Amino acid sequence: MSGGRKAHAGKFFEDFRLGQRIRHATPRTFTDGDTSLYIALTGARSIQHSARPAAWALGYRDRPVDDVLVFNMAFGRTVHDVSLNAIASLGYADARFCAPCYVGDTLRAESEVIGLKQNSGGRSGVVYVRSTAFNQDGERVLTWVRWVMLPKKHLDSPAPESVVPELPESITADRLSVPSFLDASKFDTAASGGSALWEDYHGGERIDHASGMTIEESDHMLATRLYQNSARLHFDALATRGSQFGRRLVYGGHVISVCRALSYEGLENVLSIAAFNSGSHVGPVVAGDTLYAASEVLEKWTLPGRDDLAALRLRLLGLKNLPAARLASPRSAEGAYDPHVVLDLDYTVLMPRRLPR
Amino acid sequence: MSGGRKAHAGKFFEDFRLGQRIRHATPRTFTDGDTSLYIALTGARSIQHSARPAAWALGYRDRPVDDVLVFNMAFGRTVHDVSLNAIASLGYADARFCAPCYVGDTLRAESEVIGLKQNSGGRSGVVYVRSTAFNQDGERVLTWVRWVMLPKKHLDSPAPESVVPELPESITADRLSVPSFLDASKFDTAASGGSALWEDYHGGERIDHASGMTIEESDHMLATRLYQNSARLHFDALATRGSQFGRRLVYGGHVISVCRALSYEGLENVLSIAAFNSGSHVGPVVAGDTLYAASEVLEKWTLPGRDDLAALRLRLLGLKNLPAARLASPRSAEGAYDPHVVLDLDYTVLMPRRLPR
Amino acid sequence: MSGGRKAHAGKFFEDFRLGQRIRHATPRTFTDGDTSLYIALTGARSIQHSARPAAWALGYRDRPVDDVLVFNMAFGRTVHDVSLNAIASLGYADARFCAPCYVGDTLRAESEVIGLKQNSGGRSGVVYVRSTAFNQDGERVLTWVRWVMLPKKHLDSPAPESVVPELPESITADRLSVPSFLDASKFDTAASGGSALWEDYHGGERIDHASGMTIEESDHMLATRLYQNSARLHFDALATRGSQFGRRLVYGGHVISVCRALSYEGLENVLSIAAFNSGSHVGPVVAGDTLYAASEVLEKWTLPGRDDLAALRLRLLGLKNLPAARLASPRSAEGAYDPHVVLDLDYTVLMPRRLPR
């Protein structure tokens, strides 16, 4: 058959080689349908994503697409080539949001294999990829590293040389993209419903967000299909019956979306996400779980040349079936995660500063 | 902490004072995504909302946004400040739809506290607010009164002076907004699928709509999140486990949407909703309930200067788990509602008149 | 009452007469919300529907609306007049996709009764209709024949003369609409993720698509409402409790949508659907079922005057609760369908040809 494979079964560990470059399929144009569905799926309420005049006031040419929607849409491009067969999505790092997206923009994505490590036991291995999403003008919109555990197809295929990329613990202020047109002095805290600005947060502060959201099968599948993420474990109740969890798993990106939306109260004035420094899905989420969120303030940075906005490095903890206020500590003294923790995301946001009076 | 509250817990009865004005957060731009989702969530079929040419023929500059979608989106703005902690949403009154909304319009809302009454027992009280939604030009789109029961935070806080606003039983014809551009003589009854015009309805007539719709958790949560209504009782299965009903409640505005859509058959030629005279959610709706609808014609009014359209005052009864044709009477002789009734909405619509031949 | 029926109960077998023409209600404008929802409901990934630049490259003036979405939206127009009371939707034939649809186009539909046959027993009959959907310019977009079994309202009403229309087994190449502007030489197989072109398929080939999708009540109801298909058996859990299957049935058009999307892997380079030659819903699908798909290549046709594209006649088999690779044969030697088969659709697609080097 000259036409190459049909009915593609997904890649295995030994299908990757260091330095390999992958151009992912399915470019995707953002529409107003995507942005409305995103609100319907998450309850997101940021004013710059909700209202065109609020976006205009900040200097955007239209409502920007929610950063986590951009992340999930970009991520969706990569699943077919990277993680269709993934046993586990192990982590993210060094994700930088480089330019805003708008309705009408078309996203495409590429990846490069930057690390490989066969697991002891020889049944699986970890693949590290740096993925980059571009818009229709070739402008870089988002770049991120993730690593996934993939099964080997043949247990006797030789192990590659282990290469584990060095990744920054966090993205320093000088590497953050801050749109030059953005004018945070026009941010309207009456419209956002929250009065706390950058000056009002302090390192070590924790915010227990009160809202919770129970996840239904339809909700997570709608979201995951919207992103054209075709990983089977999210959709096929029959095939997953024999899996470790016995049922469909909620796509981790939807967990990020929901927890980010749950964290709105107390972080109303976030302008945009500048980076995901690192993140991991600590535990599985299945339909029926109720998600909650807590935020910790990790660091505060001023940004050179900007007195209208500054950066907050935050930790977003996603919890299942435990309200945030009832979580003593996400990890035990020994470092083990509380079993309710499902997401541990270290990320950086831009936030307006208090104007001189 | 100078930044004010974070992780807002919602307002309690004693947080309101008579005459207080609240500017609600989160302005919201309507998109085509919202209108499509509204159809997908309700099955609404009015031609002026479904087809641009049908809207143009009537004089609209584009498809107007479905009135109940406008209501729910406007209502959603107010929840965070008014009813996040509501024990019960007791009623609506004097809701007037003042101007049509289109995709691209941005809604914002304000409220004024117009009544307060502590309940006997002193554990809770009723707050009356008049809310008004404006578009981006400051034009009033919708104004309505509602009253909710809220818990007191501290049982020993003093009771305010009781003030219960006087509300009209219904909005009289002279107070209805009828767009001057609207030309109902162009309404196409072949396109709507119904031949009954204003002349064909008579006071006291009841229409038992045959369709029923079973509500799923995903459906009502998608709708409620679309409206950015963040009231917890709709979303958090864990927190509501200990509540009166032991589970998530369906947002009442979604019940109105579904019952209104179910009432399409027999009321195909409604041009627009002019008013909600009064309404109340008589019983709770939970996922798994099947909704049905019956309509009663209460009154008929001609409108000054208009021979192309007139007004019908209708009663929309929403029922759960009982087809409309099997409901003898919504209330017993003693005035108690049949336990299947969940919605009793007195509203006024505009409808084309039969043209002189 | 001069205004005609209200609270329409749907048509019965004896309400149809041969040659009867029906103008269906509810014209519908396609929006970006519809196309995003379609992706969210199905996971469809064709590049010409996903990305505007991919559509432009092929000569479309914008992303065309997915053919199966057009089919379902057109079909939805006809339900109220044809199949509201249908006992069974028995088959489709001779469906030709005549012109692409775009966001902003408005669809309306008409039908003609082309066959009638009372069933032995006299309790029901089969109605054959040819339906045609037009856009706002009166251009024919889609035409198809279907036949449904309807109950009789009165068992003693006389049987009409039996007329069963002759239908082509398949639509021959000369009757396929191929847009003259379409330039398949610009199709980007790197973007689609599949390398197989028309030359790479051979008659008799079968592709077992690996993906499966479990259907939830919300998913199929959202889809069916989006199409404004109001057939009660999809929505009313209470009324269907006493029916043959004891519960809501999934609308067959949603089964086609999902199976078509599941068949993407291995058929990535389909340009458009030109025809449904014939199809039937072999078995019922209910929420909780997991759908799978297999494709068979039935025929290959070159098209006169086109060396950039050609036609493939395919068979799409939809399966429930059995992965495609585990289906030996869709029918037994005696011709009975395997009980897992739910859809048997014979359809024709356009696909790019391999360019001369």
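Worth pointing out:
As written, the chain order gives the labels A, B and C, with residue 1 at the start of each chain.
Methods note: a residue touches a chain if its C-beta (ideal position, glycine included) is under 8 Å from a C-beta of that chain, and two chains touch if they have at least 3 such contacts.
It should be emphasised that the depicted structure is a prediction, and the values quoted were computed from it without experimental measurement.
Comparing the contact residues of chain A and chain B by number shows a mostly separate set, under half of all numbers used being common to the two copies.
Rotation angle for the C-alpha superposition of chain A on chain C: 120 degrees, rounded in steps of 5. Chain A and chain B have centres, each the mean of its CA atoms, that are 36 Å apart. In chain B, the positions touching at least two other chains are 31-34, 36-37, 216-218, 222. Contact residues on chain A toward chain C in their complex (touch as defined above): 1-10, 23-29, 31-34, 36-37, 80, 104, 106, 108, 136, 216-218, 221-223, 225-226, 228, 230, 232, 235-239, 248. Listed in rising order, the residues of chain A touching chain B in the complex are 31-37, 39-43, 45, 47, 50-54, 63, 190-197, 199-201, 207-214, 216-219, 222, 265-268, 288, 290, 321, 323.
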